[in-house]
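Heads up, there are several structures right after this.
In what follows, chain A forms one complex with chain B and a second complex with chain C.
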Partner chain A sequence: MAFQILLNVFLAFIWMFLKNEYTGTTFLVGYFFGLLIILGIRRFFDSRFYLLRVFAVVKLILIFTRELILSNISVLKVILRPKLDIRPGIFALETELEKDWEITILANLITLTPGTLVVDVSPDNKTLYIHAMDIADKEEAIQDIKGSFEKAIMEVSK
Partner chain B sequence: MTEIFKFISGAFILLGAFLSLVSAFGIIRLPDVYTRNHAASKTSTLGIMLLLTGTFIFFFVEHGHFNSRILLGIFFIFMTAPVAGHLISRAAYNTDVKLWDQSVEDDLKESRESKPSLIERE
Partner chain C sequence: MKTNDLILQTVTKVASPVIFLFSIYIFFGGHYSPGGGFVGGLLASGAIVLLLLSYDIKTVANILPIDYKLVVAIGLLIAALTGTGALVFDAPFMTHAYQYFDLPIIGHTSLHTAVLFDLGVYLVVIGVTMTIIQTIGESE
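Moving on to the complex of A and B:
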């Protein structure tokens, strides 16, 4: 991915030298044409066309923001309800992610999810231990959310 | 136009202050370290982020001053607050702080008991 971006910047510079105009606008135009060229020759690269990965990262950031707001609303409800009827607990979650940075991002996402907080990661990086605010009805739904998070993170690293 | 943005930034700041207040209530009210950590790590994160966003909008609209340090601050808080919450609860668990007695499940304890070598290492 980094190589494709570097190549794109390089092509934009070549465009600037060809036009003999050294402004930001010329750079952007050259960057756009370089993007088209890279799209055209994408089968020569090992990784996929890098714009797809950029979109995946943007999607991940949007998921982060949405989950942060949702989790705040759910914590707000628990705290401001007059009666404290929560059933906390720690449950284990198997993860398929392998690289360290993927697991870090997944743990951060889970911490910002409604009602969950990562307590420990097992030494072999296969299991996350998660403290849930309300374990009874949440566990199934949380597994679903985690499926979508894991998928979004895999989409970035694919 | 400027008036509208003033109201928006005021709304952001009030909402952030409210969330920080609720997070303080949560720290007083909730029963054990782990549930308090939920309140501390989530509600105060968004509270501070909203406060900073409101401040940023105010200075941008009122004085035309683009303060990139506030944006960096938002980004840093967003990245570091969940990690801090995780480390505090992990440290609490490793020093045998008890869960609330109405907790229903503890998978981590089971897995550590089935692999005693991991406990001895602590």
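Moving on to the complex of A and C:
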């Protein structure tokens, strides 16, 4: 992926040298043509076309924003409710993610969305221990995390 | 003996995009500076030939599944349509029109229908060159 981005920037610079115009516009035009060329010969590279990964990152950010807003509203509801009928607890989440940075991002996303909090990671990096504000729907929470965050992160690193 | 083409293939991955880019530059430079559809097309097919040299013919055919005879047809069609397009506007065959536009990022640009004709030339040249080379390469 890094190789493709580097190549694209390199092509944009070559375009600037060819045109003899050293402006941002020329760079953008060259970057665009470089993108088309890399799209054309993308299968000669080992990794997939890097723009797909950029889209995956954007999608991950959007998912995170949505989850953040939704879970903040749900926490607000719990705070404003006169009766405190929540059941806090800790549950384990088996994760399929392998690389260190993937697990770190998943843990941070889980922590930043209120209602859940990562307490610990097991020594073999396979299990995350998560503290939930309301454990009544544990299975649902696991499915939620797996369905949204884990899938989106896998999409980025694929 | 099967040799390892690692170095050649890695260099090709960097060099062929540069050649493609230069071919685009030459293609767009045709109006005010040396270049045009013909050399641009030749350069683009030169880049594909470089890919053919460093990979084998089957790999390239798999990765770039292009029927070059179709490319020739499309190129001829574009060139012919650009010519006949003038008839619609009550002008003689092959009359070209141009206009200045203010595009969002690029700014003040003149768009000329001759570019479309050149695009036809570009595609025909790529198609013809690649058909010749592939046909010779595939025959045993």
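Throughout what follows, the second predicted complex is superposed on the first by the 151 of 158 C-alpha atoms of A that agree within 3 Å, B and C clash if a C-alpha of one lies under 4 Å from a C-alpha of the other, contacts with A are read in each partner's own complex, and residues count from 1 in each chain.
The definition used in the following text is that contacts are C-beta pairs under 8 Å (C-beta built on N, C-alpha and C of every residue); 3 or more make two chains touch, one makes a residue touch a chain.
Everything numeric in this text was worked out from a predicted model, so none of it was measured.
With chain A as the common reference, the superposed partners chain B and chain C fit together side by side.
When both complexes are overlaid on chain A, the residue A:Lys151 reaches neither chain B nor chain C.
In the superposed model, A:Ile14 makes contact with chain C only, not with chain B. Using the contact criterion defined above for the overlaid structures, shared-chain residue A:Leu28 touches chain C, although it does not reach chain B. By the touch criterion defined above, A:Lys83 lies against neither chain B nor chain C after alignment on the C-alpha atoms of chain A.
Using the contact criterion defined above for the overlaid structures, shared-chain residue A:Ile38 touches chain C, although it does not reach chain B.
Seen from the CA centre of chain A, chain B and chain C lie at an angle of 150° in the overlaid model, rounded to the nearest 10. Touched residues of chain A were counted for both chain B and chain C, and B has more of them.
Here's the short version: in the overlay, chain B gets within 22 Å of chain C at its closest Cα pair.
Only residues 7, 10-11, 14-15, 18-19, 25, 28-30, 33-34, 37-38, 40-41, 43-45 of chain A touch chain C when the two sit together in their complex.
Across the interface of their complex, chain B is touched by residues 64, 68-69, 71-72, 75-76, 78-80, 84, 86-92, 107-108, 111-112, 115, 117-120, 122-123, 127, 129, 131, 133, 135-136 of chain A. For chain B in complex with chain A, the residues that touch the partner chain are 19, 22, 25-26, 29-32, 34-35, 37-39, 41-43, 45-46, 78-79, 82-83, 85-86, 89-90, 93, 99-100, 102-109, 111, 118. Of all residues in chain C, only 12-14, 16-18, 20-22, 24-25, 51, 55, 62-64, 105-107 touch chain A in the complex they form.
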